[in-house]
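Below you will find the structure I want to go over with you.
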Amino acid sequence: MTNDVFERGLAIRKDVLGAEFVEKSFAAADDFNRPMQELVTEYCWGAVWGREDLSRKTRSMLNLAMISCLNRPHELKMHVKGALKNGVNRDEIREIFMQVAIYAGIPAGVDSFRIAREAFAEVDSAKG
Amino acid sequence: MTNDVFERGLAIRKDVLGAEFVEKSFAAADDFNRPMQELVTEYCWGAVWGREDLSRKTRSMLNLAMISCLNRPHELKMHVKGALKNGVNRDEIREIFMQVAIYAGIPAGVDSFRIAREAFAEVDSAKG
Amino acid sequence: MTNDVFERGLAIRKDVLGAEFVEKSFAAADDFNRPMQELVTEYCWGAVWGREDLSRKTRSMLNLAMISCLNRPHELKMHVKGALKNGVNRDEIREIFMQVAIYAGIPAGVDSFRIAREAFAEVDSAKG
Amino acid sequence: MTNDVFERGLAIRKDVLGAEFVEKSFAAADDFNRPMQELVTEYCWGAVWGREDLSRKTRSMLNLAMISCLNRPHELKMHVKGALKNGVNRDEIREIFMQVAIYAGIPAGVDSFRIAREAFAEVDSAKG
Amino acid sequence: MTNDVFERGLAIRKDVLGAEFVEKSFAAADDFNRPMQELVTEYCWGAVWGREDLSRKTRSMLNLAMISCLNRPHELKMHVKGALKNGVNRDEIREIFMQVAIYAGIPAGVDSFRIAREAFAEVDSAKG
Amino acid sequence: MTNDVFERGLAIRKDVLGAEFVEKSFAAADDFNRPMQELVTEYCWGAVWGREDLSRKTRSMLNLAMISCLNRPHELKMHVKGALKNGVNRDEIREIFMQVAIYAGIPAGVDSFRIAREAFAEVDSAKG
């Protein structure tokens, strides 16, 4: 599965989640999960993130709001880090998660704040 | 319940959802739902929408994504119309709901597109 | 499927949802949905509603909160009417749905208030 | 967007949902929802439904279970009809929705039974 | 943000979740999450928990049911402990989670029982 | 609570989840969770899994799809192992979770793949 959309998706995915993480994911893939890695890269990162009309910063903001509502902590932490790379600052992340608290409920908001603080701590500690 | 946060919320709510709609909601309220109308106005529209650090346009975009995930068609249609007022254009709404389709699943995306088209038709027909 | 638990469930279900409604449901059942009618009656109404340690009033209050979160409007309207029969008054229903608005988010709260008002209108009109 | 995966998806989508319905969807598409129609056709129907290792009958069964849990009545009705075309019989649909009732809760089960009966009635009436 | 509703909320929150926990939360707050701490205290604990018409015991019972449905284990454990403080006994908690199992599905029920047992163990061990 | 349906459920539950696990669950049960253990065994495993018209393999496949959508990782891991016992192979599990990714969204799919790999690793290591 190598085509233009896949290649565009691979480049964007590396930009947002980090080249090392993405390369490790493909290297660790086996027959069980390789088709999933390819699907995610081509369709999610190529066919949708690769579209114009919304900036990467806006797409990251939407993802933080959605993944909070969908209640997926592993993915949320990864996308908090990706959002920082895409230029969403910590004040904006606070505002997004306060809006989550209103629309998806206080427990969704509280969980998202805790995960964001974990993500920030990991980012700060990686920077030394 | 009249205080600064409530008043700020009332003004923003009227801007986004339309003054006529909001006034009708309060006029139609009885002892059963008046406390809810007041809570929504103060807490949602005053204490959160009234905060700085995110533009109204961005808040509308987040709402479209979240309310799609939360699967609330009545609220979604109202916020599609509010988003148009806040400067989100139809191309951007398409992009938001395609991103919903990827992150919350195809049925969430398909439902949101159908509701958006209903909202657009109502807006276009109101304009004559 | 007639046994003690089923019979107890049938009696409670008739008390809460109305004997006429329940009898009509069984009369209208065919090979497709009769096993489901029986499962619901025995398992939901007999094995759980039939337990002691919580009053029917409390069980109705829990149901209003849960079915709002689960986003099932048909079932919610039926259980609003059932709650009134079980002694939950309209002020208490308002409080439950305001708590829903905080914990499950504003759209869940707004939808539940709208459905409650529809249920009240139907109950009031049936009384003449 | 014409490529092998899209073409394969288009053929499967027509088989399962009906050629007339799919052609009407594309004919009615405008700049707003055409990209979504293309994404769904290529990604959902081509890249996933087009994969081997699961029969169409099994994929339909999974969809009924999932779309019940996801609480999307429009999509569920369409996929009940699609499941009948893919060889899932009414007894099997009953079993799927009873399992939904246990794992996703009684309200999810009850809603799914009601929608299935509506779908059956429409199918039976179309047959004359 | 000090006003009557906030102060009432702060007192209730300390009563239910423990003064030490709440004070530690505020002491640990920074510019990122302080606004969220304030929002939760004022609106959730002041504007809603502070209302009359439902006892704290009933509000705790509703929360256990809702937070189980919303699938938020951290918040659920905290509210199991809060419920014990508000006079909900362990038999009643069992009944609530059996009703969750019926309405939100077996996996929701099983998860909630596991979390309750963890909360009980922590409470028992804190007592020595 | 010993009756035919309970006994049938107990046997099926032991077949699918392992006799040792089920016996340990009952042995560890106390007054708090024994009624839940009994309810699950009789209704979930006896009254539904014990029905004909769907094979155990098909029921396991439905469960993997549903429990992914319902976002319950503990239960999902247990049912991945149960599915292997019921004859669902790893290629089929991959296909189920790719279909989850499309219908319930990428984060649901990614989480399910990660949990499946953990389950496979535990199964492989138990085999030595």
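Lettered A, B, C, D, E and F in written order, each chain numbered from 1.
Here is the rule we go by: contacts are C-beta pairs under 8 Å (C-beta built on N, C-alpha and C of every residue); 3 or more make two chains touch, one makes a residue touch a chain.
Predicted model, so just to flag it, every value in this text is computed and none were measured.
Engineer: Chains touching chain A and chain E alike, please list them.
Structural biologist: Per touch definition, common to chain A and chain E: B, C, D, F.
Engineer: Please identify which of A-C, A-E or B-C repeats the interface of B-F; the criterion is that more than half of the contact pairs agree.
Structural biologist: Going through A-C, A-E or B-C one by one, only A-C repeats the B-F interface.
Engineer: I want to confirm something about chain C and chain E. Since they are copies of the same sequence, is their interface symmetric in residue numbering (over half shared, so same) or not (under half, so different)?
Structural biologist: Chain C and chain E contact each other through largely matching residue numbers.
Engineer: Any idea what the CA-fit rotation angle from chain B to chain C is, to the nearest 5 degrees?
Structural biologist: Rotation angle between the two copies comes out at 120 degrees.
Engineer: From the C-alpha centres, identify the chain that is farthest from chain F.
Structural biologist: Looking at centroid distances, B is the chain farthest away.
Engineer: Compute the centre of every chain as the mean of its C-alpha atoms, then state which one is farthest from the centre of chain E.
Structural biologist: Chain D.
Engineer: Express in whole angstrom the distance between the two chain centres, defined as the mean CA positions of chain D and chain E.
Structural biologist: Chain centres of chain D and chain E, defined by C-alpha means, are spaced 40 Å apart.
Engineer: Measure off the straight-line distance from the CA centroid of chain B to the CA centroid of chain E, and report it in whole Å.
Structural biologist: 29
Engineer: What are the residue numbers in chain B that touch two or more other chains?
Structural biologist: 35, 39, 43-44, 48, 51, 67, 70-71, 91, 94, 98, 101-108, in rising order.
Engineer: Would you identify the shape of the chain contact graph, picking one of line, ring, star, complete or other?
Structural biologist: Topology of touching chains reads as complete, every chain touching all others.
Engineer: What part of chain F is in contact with chain B in the complex they form?
Structural biologist: 102-108
Engineer: Quick one: which bits of chain E touch chain B in the complex? Just the residue numbers, please.
Structural biologist: 35, 39, 42-43, 47-48, 51
Engineer: For chain B, which residues count as touching chain D in their complex?
Structural biologist: Residue positions touching the partner: 71, 90-91, 93-94, 97-98, 101, 105-111, 113-114, 116-117, 120.
Engineer: What residues of chain C sit close enough to touch chain D in their complex?
Structural biologist: Within the complex, chain C contacts chain D at residues 32-33, 35-36, 39-40, 44, 67, 70-72, 74-75.
Engineer: For chain F, which residues count as touching chain D in their complex?
Structural biologist: 43-44, 48, 51, 53-54, 58-59, 61-63, 65-67, 69-70, 91-92, 94-96, 98-104
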